[in-house]
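Chains here go by letter, A, B, C and D, matching the order in which they are written, and residues are numbered from 1 within each.
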Amino acid sequence: MAAEETGRVEAFSDGVFAIAMTLLVLDIKVPHELGGGGTLARALAAQWPTYLAFLTSYATILIMWVNHHRLFTHIARWDDRLLFSNGALLLGVVLVPFPTALIAEYLGHAGQTTAAMVYNGTFIVIAFCFNILWKTASREGRLLRVDHDVEATRHITESYRFGPLFYIAAFAVGLVNVTASLVLSLVLAVYFALPSRTAAGIATTRTRS
Amino acid sequence: MAAEETGRVEAFSDGVFAIAMTLLVLDIKVPHELGGGGTLARALAAQWPTYLAFLTSYATILIMWVNHHRLFTHIARWDDRLLFSNGALLLGVVLVPFPTALIAEYLGHAGQTTAAMVYNGTFIVIAFCFNILWKTASREGRLLRVDHDVEATRHITESYRFGPLFYIAAFAVGLVNVTASLVLSLVLAVYFALPSRTAAGIATTRTRS
Amino acid sequence: MAAEETGRVEAFSDGVFAIAMTLLVLDIKVPHELGGGGTLARALAAQWPTYLAFLTSYATILIMWVNHHRLFTHIARWDDRLLFSNGALLLGVVLVPFPTALIAEYLGHAGQTTAAMVYNGTFIVIAFCFNILWKTASREGRLLRVDHDVEATRHITESYRFGPLFYIAAFAVGLVNVTASLVLSLVLAVYFALPSRTAAGIATTRTRS
Amino acid sequence: MAAEETGRVEAFSDGVFAIAMTLLVLDIKVPHELGGGGTLARALAAQWPTYLAFLTSYATILIMWVNHHRLFTHIARWDDRLLFSNGALLLGVVLVPFPTALIAEYLGHAGQTTAAMVYNGTFIVIAFCFNILWKTASREGRLLRVDHDVEATRHITESYRFGPLFYIAAFAVGLVNVTASLVLSLVLAVYFALPSRTAAGIATTRTRS
């Protein structure tokens, strides 16, 4: 039993991440009416806010999954508190297709600032949930593997502290310029995708030799 | 073969739980027409029954998954009866997005009592299915792991006996006040999320030391 | 590598079965207009063809999954032919939500016989695919586990030979009475759910002692 | 930890492949209006572009999954670069239902060439992503299993080099004849499904004896 202790939590979470990512495509609609003299190419091009929102949300959920994957290389045990803080995190992930559809529809129209607040607000909440999940697992090392890398886990704790701040910044930018805040979120996703050399080094060595 | 005996049943069930939870988001619709002078914020706020129904259903499916997870830490073997009682339980889980959409649309309108009866009735059926699944697995310990914790399994048997009663109570409340019955179901989900100290202690020790 | 040789094929198939089963619920629509003097209860009751189609398809996919699960307790190896015969089987499974929606909409209206032919035809094709998959795996025992139970595998070969016949019967009935053919398919699902005592006995002993 | 090092990456990818394949069915719509004197059979027959697009996309995603499965029998370790090149590949897979719906709707109408460019373009991008993923894993054998089959991996490297070329050919054909390019993509899927005898032989021996 020991070796797969958190296996089912991870498999369930993987399922939720994978489905949320895949459902995003349902928001990209086939243009039905091309209007007078319009071409399909032009109708598709006019949907650029949908593609930008899709790409930002996809990249963000992917980063979240990578981070979730990383956390669980250190976590070896589960208890009820872990299951529920993980469930709260997944609630945020499950919701993502809704604000994505919202911002895709309202970008460039009245109400776009409200849409951006909902969109960026969702990511702020998820960033806080990641902190809660990690604290639940790592405080006094209670659910970490016995041989966990103290340096690596401290690195995670420190970098996670800043996560919500970045999304709060995106939220603030969204109050002024919605498109800029979407692009910023996309850049943030790429930033989190490029961990510091140290973290990368640790991850690389955590492999079958 | 031994170690993963129920692995595929659990993985399949996890998939169904994860998908049902994620499909719930499809019921949260982007408001398309803001009406004269209306704002997006107001249109979103007017959808509160949808959010309440979403949250209640999400929390309830999450609790169900946690309970399913707990049961299968004690179950070590499967036979056809287990597969089919599990399949009946999953039928209930798969259905949840429909009554959720139903109550979200009818809350506050004519027909809301019918919608609440369907909604709460679904959860009563699922609660009974959980009892059947657990009885199928635990009667005379036939499918439990050889070294199962007798105290913990008896605790489950006892607490499950009351599960349907709570949902029957929510059903009764729904005949009088639909919103109150939704809130009650949400509270029930949180209640089931907080197991007694004994159960929590047992769960905690069931981990890799 | 050995122990999980077919693990990923099974996990992938489980995912497809689980998603196809769960997507069925999207065909159960919330009634939007109750008409003059109509009640929600009456509108819901009028949708009985949808529930019958949902239930039949759910039960049928569940039985297919159980059978898939059973087959793979005997299969230990994969090659390209197995992957593709499995892929052809999953094509049938993935399609099920479409004929289900078709028969739910046309039952009782002009075109219902066509809808029934598509519906039952899909299950005939899937039944043939199961035979092809099993033959691919079992001919001369090429992909079966070395210690496979010869008696049990012969039993599967024999009972699978009759599978398509039952669905051909349902197809024939559907030419005369569509509702009866749906009920027959539901009964067939339950029939396949209740394996002969011998098979049940074998399945039961294939467990961790 | 060693044995399942890439297990979660594979499970997550399997989930995405399975969901994308299954969501394709949502594009096959039940005909709602049969028109004057029309029959359901004729209405269904008129939807042949939808079935052709569905079949081509299903077969293509299936082949991709089989290839992904094959690659990961050689890959034993993951690092951040692998996670992100895999994530880019999955982005392409997740998108497939959109161009599929696009070509199904526009085949035979104005805009069909644009639709074909988007459809075939998606597969070109995915083919390039497969090359990047494989290079990330195999360059200097950095993430391959220590005992990887040098002959088999070189065979993969060589055959993958040609993948994008075939889809570029389909793209070019699509500029002249959209239906022909769809049929070509379907044929390509079958071609990739039939690996050379050598590869098949290797795959067959990579099994539990």
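We take it that a contact is a pair of C-beta atoms (placed from the backbone, for glycine too) under 8 Å apart; a residue touches a chain by one contact, two chains touch by 3 or more.
It should be emphasised that the depicted structure is a prediction, and the values quoted were computed from it without experimental measurement.
Trainee: Given that subunit B and subunit C are copies and touch, would you call their interface same or different according to whether over half of its residue numbers are shared?
Mentor: Here the answer is different, because the shared fraction of interface numbers falls below one half.
Trainee: Calculate how many whole Å lie between the centre of subunit B and the centre of subunit D, each centre taken as the average of the chain's C-alpha atoms.
Mentor: Distance between chain centres, rounded to whole Å: 36 Å.
Trainee: Approximately how many whole Å separate the CA-defined centres of subunit C and subunit D?
Mentor: Averaging C-alpha atoms per chain gives centres 25 Å apart.
Trainee: List, in ascending order, every residue of subunit B touching at least 2 other chains.
Mentor: Within subunit B, residues 11, 15, 19, 23, 26 contact more than one other chain.
Trainee: Counting only chain pairs that touch, give me the topology of the graph as line, ring, star, complete or other.
Mentor: Topology of touching chains reads as a ring, each chain with two neighbours.
Trainee: Quick check: in the complex, which residue numbers of subunit D touch subunit C?
Mentor: The contact residues of subunit D facing subunit C are 10-11, 14-15, 17-19, 21-26, 28, 30, 32, 34, 39-41, 44, 58, 62, 65-66, 69, 72-73, 193-195, 200, 203-204, 206-209.
Trainee: Enumerate the contact residues on subunit B facing subunit C in the complex.
Mentor: Touching subunit C from subunit B are residues 1-3, 5, 8-9, 11-12, 15-16, 19-20, 23, 26, 76-80, 83-84, 87, 90-91, 94-95, 97-98, 101-102, 105-106, 110-111, 114-115, 118, 143, 145-146.
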